[in-house]
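Next up: some structures, all given as structure tokens.
Below, chain A partners chain B and then partners chain C, in two separate complexes.
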Partner chain A sequence: MTRDRMLTLGALAAGLLFLSPVLYSIWMSFQTANAYYTGTLDFTLRNYAVSIGDYGFARYLMNSIIVSGLVTIAGLAMATMAAFAFARWTFRGGNLLFAAVVATLMIPSHITLIPNYLTLARVGLLDTYAGLILPAISNGFAAFFLRQYIRGIPRALDEAAYMDGATPLQVLWRVIVPVARPAILSMGLFIFISEWNNYIWPLVAVSDQDLYTLQIGLARLYKLNPGEGSIDWPLVMAASTLTILPVLLGFLLVERHLVRGITMGAVK
Partner chain B sequence: MTLTPDMSAGPARARRTGAARQQVLRRATPYLLVLPLLAFIATFTYLPIAMSVNLSFREWDFLSPDKPFVGFENYRLLLTSHQFWNSLQVTAVFALVSVPLRLVLALAIASYLVRETLPARVLRGALFLPAVTSTVAIGVVFSWVFATDQGLVNGLFQLLGLPKVTWMQDPQLALWVLILVNTWKQLGYDIIIYIAGLQAVPGELYDAASVDGGRRFHVFRRVTVPLVMPTTYFLLVISVIDAFQVFTIVDVMTRGGPAGATDMLVNMLYRVGFTLFDIGTGSALAVLLFILLITLAVVKARVIGRKVHYDS
Partner chain C sequence: MSAIQLTDIVKSYAHGPQVLHGVSMDIRDGEFAVIVGPSGCGKSTLLRLIAGLEQVSGGDITIGGQRANDMAPQDRDIAMIFQNYALYPHMTVRQNIAFGLELRRVPRAVRTARAEEVAAMLRLTPYLDRKPGALSGGQRQRVAMGRAMARDTTTFLMDEPLSNLDNALRTEMRTEIKELHGKLKATIVYVTHDQTEALSLADRVAVMKDGHLQQFDTPEAIYDRPANRFVAGFLGQPAMNFALARDLPGLRAPGDSIAGLRPEALSLHGTAPGGPALRARVTLSEMTGSGVILHCDTDAGRMTAVTPRHALPPDPGALWLGFDPARVHLFDAATGTRRPAPAAQPHTANLSA
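On to the complex of A and B.
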């Protein structure tokens, strides 16, 4: 065995050890409660059937996809338009408006919790998808990041398109967006993951069980069952795995250069 | 920005009015582009700050029709309550322990994983995974890891012949468990940022240092640490803000208990605002948290700002 191969195996072992609590929880989710408590092996899919069927996790999964998906699309659209304006125009008040966007990065979000709850209650949007989505859409970080990226794109590209009679929106859509695609995609991923994992706002904004996201559903399932010793850990872990899995799969897809690296090493 | 007016329009007069309209539209373009984002930021970020300040001077239970003005009464109640000082202390301990722990561990690990080798990339991927994983799920999984009965850690203790420990029911231990779990989750993010910072350091500096006969730790202390100072500053700002806003992991694992031993400021804010519906006191607490974090940001900029820019 070569030294390189051993180092790789060592790194893999260290990584697995680091992730072992989560990996073991996934393994546990395929066991019956009885087998878990008696230390025997008895594989089953019942925990998934129960969490999806009896505890509504199919519904929570759909809610999470709807909310995170719409927040990502709307958030990206707004951030990209604003970033385009801040990168390409010098306009009166522009610097002040940009400062107002960047300052949101320093503002602790919890100061908005009670007021946003009151605002949405007043317009009757608590316990709706809109109530979950609207306060999460504006993303100062994405606007700031994309503005920096767009500034790096040669202006000659815009100007060529304007020569051909394009409107600003056409330039944005046909010139800037295709060139800035990598930055827009990584911001989209960032927004999607943060919204997927968002907990405190759905906790505040929703009490109707049909609107629970996965995070709220998982926390409630776990808390319903707080008695030490009587807790059905394999069932809880099936729900937890359902909550983790979509992001995990996405991460593995995006980190394909990691996989490519592994296969390249294998070929060498 | 130079825009080329449309030259292909028909007769002269139509062209002139068309051009005038286009002129207006051209001026308005950047404003129209930033309008949606700024409208949302104004409604859901800036307006709420003003609302919080206003509500913090009033007494309101969310239901009654009037909200009498009570001056600084809510602040006085908070600042004389045991709960507030307890939460502030717990949150401060959490921040003071977990922030240095995260940064030191992350820099040490990052300096080993900075090279673009296969093992380094595998380990980076594994370490980064918790940072993108649901905090609620991590809280649930680690509640099992540290459960008194049937938990992973106590199971291992049993194998070694050690007694069971009540990790999350012991006021002396629960906070340390939370610090450990939070560090486990956030470490990968800090490492990735540090690696980006380290990769920007020119390799010749290391070569020069090792030619000088510098030992590994010496090089690390004299070359690496000063050169990644801007990265450290960035991570410090981010992780202190993070630490003072910690909520989810606590809500899932301990709900602030036992006996308030892990009752962070945001957990208190949630309880006061959304289970007691004491909107005035909740808002006062939110305003205090806001002032605290802004002050910290300013102080850090003063103290560390000089060190960050010493080389330029």
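On to the complex of A and C.
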């Protein structure tokens, strides 16, 4: 056996190992509860029908897409503009401000949980989409990461654009953003997935069931049948599959651009 | 109207030393002005001040009769070509060239036509749909030129635009830039550290050193009447020979003068000529193609002379370098400033024989 083939087989095995829990849960989501507990085989789409129909997962899916999507778009916009300012302008207090941005990276999110809750309660934004979205928009890590990337872009590009007649916003939008696209897309993916998996904040900020995100809905599935003494695992797995599927699809869509962006940067 | 007036321009960078110490220049409308000087003397800084990419620390900039000190670069209506071209890597050649027009809301059809016209002028038509990453150095340079030319402006700033090109291409582009200036009737401020480029391109040359303007005049005047010893030594290839004036025969000059003699002002003789001359011994000769550069030891120190190959004296061990005292430049030994041309001493034969 050649070395190459052994490497390929090894990689395949490792891939399967990582994939196995996901594949297992997808497989389980097509079983009936009865078949699962008795150890027989079955095939049904009922779990999907039930999670969507009886437990409102369609609604949760929509909420998750709205919240994560808007957090990603607004967060990226904020972080990109902040990064551009920090990378390209010197202004009074700029360094102090940037230090403050970096400092936010060192604060565990649980510490801000209660102050954020109290603030939103006071302005009456609990149980709204805005309450879910607003606290997540300011993202110190994204601002820091993008600033570092933009600093690596030659300033002469900005200057050429200014000479061509661009305003600062045009320089940002027409030159910096396209050149920094791989970094911005990677950051966007990162923000989207973090927000998609966010559990604790939606849990405290929302009690109206119509505003539940997928993670909250998923957790509720356990709690909903406590009396029965056993959990309907195939149903939970169907809901989990609904939860990971959009992220997986999204990743496959963006991934192509990420790779292209990375090689484009390498040869320049 | 795009005359540029610089009045007592001072520039110091934050946390840095002063870079420009009161530079005044009056660049006429339609003039090709070349700023030349050694690396680090402040040429780029001066250009960036005109562009508006840096703020002056003192003095005034007037462009087309309008005070421009506080104008943003995008409002100055100036096109600039950067040393490393600074092409937009995500845009095609066509988009790069048309970007300035797009920002000025020129309709798409018009700007595309304009980009293609400019590209044709610069022989870039086959590359219109390529991105800068897929172009050679010379092609990138031409795109940078095209981007400036497509703009409807009459003021161009160029910061060492040819310094990244190989020799043949540089000579070719030099000719093209000169022709372009004739065609566009534009005001061009061109920065270079290459004195050949400066002399061949300029209507007027500004020589700078350490943030001070040394002289701003026509290439002929700069070459024939350099304002000081630095200018005299900086322009000319091979460089001017310097010697103590009192060591040169047949010269009437104040005792503390430095005399400057261009290599081409020295004539070679196998035997002592009639006029003033220095006895010389060749230590090294360099072939330049059509001619030879001779490095000689003389009584007045080392001298460089040039001669066509066929005129080489038979015995390089012993020859005479003759000169016309009227072609000797004199400089103050202490300050280096130019002194009035020397007079030949009457009735002196060749003394140093």
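Annotations
Methods note: the second predicted complex is superposed on the first by the 237 of 268 C-alpha atoms of A that agree within 3 Å, B and C clash if a C-alpha of one lies under 4 Å from a C-alpha of the other, contacts with A are read in each partner's own complex, and residues count from 1 in each chain.
Assume a contact is a pair of C-beta atoms (placed from the backbone, for glycine too) under 8 Å apart; a residue touches a chain by one contact, two chains touch by 3 or more.
It should be emphasised that the depicted structure is a prediction, and the values quoted were computed from it without experimental measurement.
Ranking chain B and chain C by residues of chain A touched puts B first.
In the superposition on chain A, contact is made by A:113 with chain B only, not with chain C.
In the superposed model, A:196 makes contact with chain B only, not with chain C. Of the two partner chains placed by superposition, A:50 touches none, neither chain B nor chain C. Once the two complexes are overlaid on the shared chain, A:102 sits clear of chain B and of chain C alike. In the overlay built on the shared chain, the residue A:156 is in contact with chain C alone; chain B does not reach it.
In the superposition on chain A, A:179 makes contact with chain C only, while chain B stays out of contact range. When the two structures are aligned on the shared chain, A:165 is found in touch with chain B and with chain C.
Judged by the document's definition of touching, chain A residues 90, 159, 162-163, 165 lie at the interface with chain B and also at the interface with chain C.
Across the interface of their complex, chain A is touched by residues 1-4, 6, 8, 27, 29-31, 33-34, 36-38, 40-41, 43-49, 51-52, 55, 62, 117-123, 125-127, 129-130, 132-145, 147-150, 152, 184, 241, 244-245, 247-248, 251-252, 266, 269-270, 273-274, 279, 282-283, 286-287, 289-290, 293-294, 297 of chain B. Listing the residues of chain A that touch chain C in their complex gives 90, 154, 156-157, 159-167, 170, 174-175, 178-179, 181, 264, 267-268. By the touch criterion given at the top, residues 14, 51-53, 72-74, 78-80, 82, 84, 86-90, 99-100, 103-104, 133, 147, 151 of chain C touch chain A in their complex. Every residue of chain A that touches chain B in the complex is listed here, in rising order: 4, 7-8, 10-12, 14-16, 18-19, 21-22, 24-25, 36-37, 77-79, 81-82, 84-86, 88-91, 94, 97, 100-101, 104, 106-119, 134-135, 137-138, 140, 143, 159, 162-163, 165, 168, 172, 193, 196-197, 199-200, 203-204, 214-215, 218-219, 222, 228-229, 231, 233, 236-237, 239-240, 243-244, 247-248, 251, 255, 258, 261-262, 265.
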